[in-house]
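Heads up, there are several structures right after this.
In the two assemblies presented below, subunit A is common to both, partnered first by subunit B and then by subunit C.
Take a look at the complex of A and B:
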């Protein structure tokens, strides 16, 4: 099950992605008990992202979520729990990052941490450059403003 | 002291407030947090870690006004500290050492000290060997206290406990001793009375008042005696003798109970937490007579106060405090109702180490008084049956009543040793034997007045040289004509 969840959450990079995904799961949990003759992926057409719907179809074909509504519900519930356990990294940077940049950052964290992380982004131009990172109570300031402050006020 | 950002950079750990419950704040994050450590919020509010869970820390905050959930918190990697200064003398401060007397900021160098320091070890301690004069005759004679002693002052509310403590402070301030008055859960009006009294008696300059009022959060009240003791240690470490008064520790226990119940600690007897004894004993243990590295004796004398209800001294906190002190002075509500001032019950009061500090003369005088008081008590019970009393018994009753008169002392009267010996010497000699009690009262008043004016300065210096009761009796015999001359000069 862990592998399936990993696959499903592969594209969740930021906290916003996570919130959106959780909302979709909540919606699925509401729908599983309605109109049960129709496959779930059909029932949610237009209500969730197409990308996610494709994944659902794939899971149905592989008979992973084709069981009873109760089974489907517990699958989504477990998925929700899995998502909530993914650690978050608060990342304060000075600019709006591109998707590619975010993917690289996420990959870097995954390599260092040996597990998936979710990025909680804060855009703060006041830090000029670099980043301030917060992870599981640890805080590191790698911002440019700190270096500038050191140069300006360091002598005082 | 550094600010939030500096601490954040130094420790590299961050947390955030996840819940606020009165003065208790729950914080997540800060993986390296230690028990008793000081934390600082974005708004520069300081708190002390009270409990640690796997993911959440309980923190006692001392001002919750500006706090909000999700506020950032940083570690300081230091125990909770307060800024202590010589400039505290003659000032009223809160337990966070901020002035609350409206006289502006405290100027001068400040030293940051942890509020929870270890008590001096056995090798540092020395025997309590010098008497501490309270200026209250009944205590100085029958329940004597020594420098470095921890003596509990116990009794019902409004029985004159605070008055006795103030008299002691005045007596000690005159000797140059630093006095620290710690008010816990006091009303502002009561604090004002203490302040005015100390100012009127010119003792305020030698005093630091650490006040937590009933309006303050329970965390501030809980902190109060620890701050007071830290200030006392600061002065002691500078080579000064210190007298500290905790008014009162039964209220302190109630505030700690409130905090413990809020953090859902298992309540024990009378709903107090299990560690209440440890908390207060560790505090009182920090007092004592110690030797400095340069072989100088310095001391912190602690007078904690405990309130009772209808003379019941068997309460949980009261017995705890009795167990952790070197004796107690008991203020009897029944004595107070009968007009006894101070309403100290000498028979129910104990001083475990005070007697060893006394001169042989004081000890034998106290022994004589105690004997007479015991006999008087016995005869009093007997005389209530209406039986015809012998001349000896009548004499004993008269002496007992006169002893009571002598022990009755005005609120603003401080009686030093020499005057005490002089007055009791007169009684011992039989100066008031055939005189009515009213006349005795008038004469005592007159002696006190003349003594203040310095009329008895010669007697004062001579009486200090006396070694035993016989010498005292013969000395008094010699000066009786002079005393009469002074007393009756206006008649």
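Take a look at the complex of A and C:
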């Protein structure tokens, strides 16, 4: 089941992605008990991202979520729990990152930290460059503004 | 007033003489009728008339003389009395003058002595007060000078502190401006790949510091 969840959440990189995904799951949990004669992937057409709907359709075909509404509900509930357990990294940076750069960061975490993380991004040009990082109660300022202030206000 | 009294008395005296003389004439005129048998002597009416006229004139002259005499005597008496009174008054005035002079002199002496005494006392008191006052003024001056010096020192210190604070504030402002300029300049100067590189370096540092 974890592999399925990993596959479903592989494109969730930022906190925004996570919130959107959780909203979709909440919607699915409501829908699973309505019009049960119609496949779930059909019932949510136009209500969730098409990409996610394709994933659902695939899971239905593989009979992973083809059971009763209760089984479906349990599946989504477990998925939510899985998502909420993914650790978050607060990352304050000075520029708007590209999708590729976010994937690069995610890859870095997987390689160096051996686990998936959700990036809680804050865009703040005032830090000039670098990043301010917060992870599980630890906080470090690796911004350029700090370096500049050190140089300028070093005398004070 | 005295002259009038003498004049009235003289007039009254003259009138009495005339009345008495008239009565005498009247007795004489009736006498011959009663004593016709005793005396044969008889005055003619013309003689009587002339005699009356003569007597009347003499009486008038006598009255005038008496009047004049009385008036003159009264005047003399009055003058004499006036001279005596004047002399006495002068004497008294002289006496009073002397007494007054003596009294004034005496009072003047007392006044002068009193004045001297008061001046002496006043001078003594003034000296005493002056001495005390000088000491007090000295003390006040010293106290005020000390306070002023302290205030000046405190004010100078305050000014110095204020100057330092202001200069520090100005320095901070300058550094702040320099910092802002530097940040903006550097921020604009950094390209996207450099930004990404800096973030990746930050993650590496965090990894080294065992944040992850």
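Convention: the second predicted complex is superposed on the first by the 154 of 156 C-alpha atoms of A that agree within 3 Å, B and C clash if a C-alpha of one lies under 4 Å from a C-alpha of the other, contacts with A are read in each partner's own complex, and residues count from 1 in each chain.
What we mean here is this: a contact is a pair of C-beta atoms (placed from the backbone, for glycine too) under 8 Å apart; a residue touches a chain by one contact, two chains touch by 3 or more.
Bear in mind that the values here come from a model prediction, so they are computed numbers and not experimental data.
Chemist: Assess the superposed three-chain arrangement around subunit A: do subunit B and subunit C clash, or do they fit?
Modeler: In the superposition, subunit B and subunit C stay clear of each other.
Chemist: So, A:140: does it touch subunit B (first), subunit C (second), both, or neither?
Modeler: A:140: touches subunit B and subunit C.
Chemist: Taking CA centres after the superposition, what's the angle at subunit A between the directions to subunit B and subunit C, given in steps of 10 degrees?
Modeler: An angle of 40 degrees, rounded.
Chemist: Tell me the contact category for A:108 with respect to subunit B and subunit C: first, second, both or neither.
Modeler: second
Chemist: Figure out whether A:97 sits in contact with subunit B (first) or subunit C (second), or with both, or with neither.
Modeler: In the superposition, A:97 contacts subunit C only.
Chemist: In this superposition, which partner touches a larger number of subunit A residues, subunit B or subunit C?
Modeler: Partner touching more subunit A residues in the overlay: C.
Chemist: By the touch definition at the top of the document, which applies to A:46: first (subunit B), second (subunit C), both, or neither?
Modeler: In the superposition, A:46 touches no partner, neither subunit B nor subunit C.
Chemist: Could you grab the smallest C-alpha gap between subunit B and subunit C in the overlay, to the nearest Å?
Modeler: Taking the overlay as described at the top, subunit B lies 8 Å from subunit C at its nearest C-alpha.
Chemist: Indicate the residue numbers of subunit A shared between its subunit B interface and its subunit C interface, in ascending order.
Modeler: The overlap between the subunit B and subunit C interfaces on subunit A comprises residues 138, 140.
Chemist: Which bits of subunit C are touching subunit A when the two form their complex?
Modeler: 172, 175, 178-179, 182-183, 186-187, 190, 192, 194-196, 198-203, 205-207, 209, 211-212
Chemist: Which bits of subunit B are touching subunit A when the two form their complex?
Modeler: 8-9, 12-15, 28-32, 74
Chemist: Tell me, which parts of subunit A touch subunit B in their complex?
Modeler: So the residues of subunit A touching subunit B come out as 134, 136-141, 146.
Chemist: State the interface residues of subunit A toward subunit C in the complex, per the touch definition above.
Modeler: Counting only subunit A, the residues touching subunit C are 89, 91, 93-95, 97-98, 101, 104-105, 108-109, 112-113, 125-126, 128-131, 133, 135, 138, 140, 142-145, 148-149, 152-153, 156.
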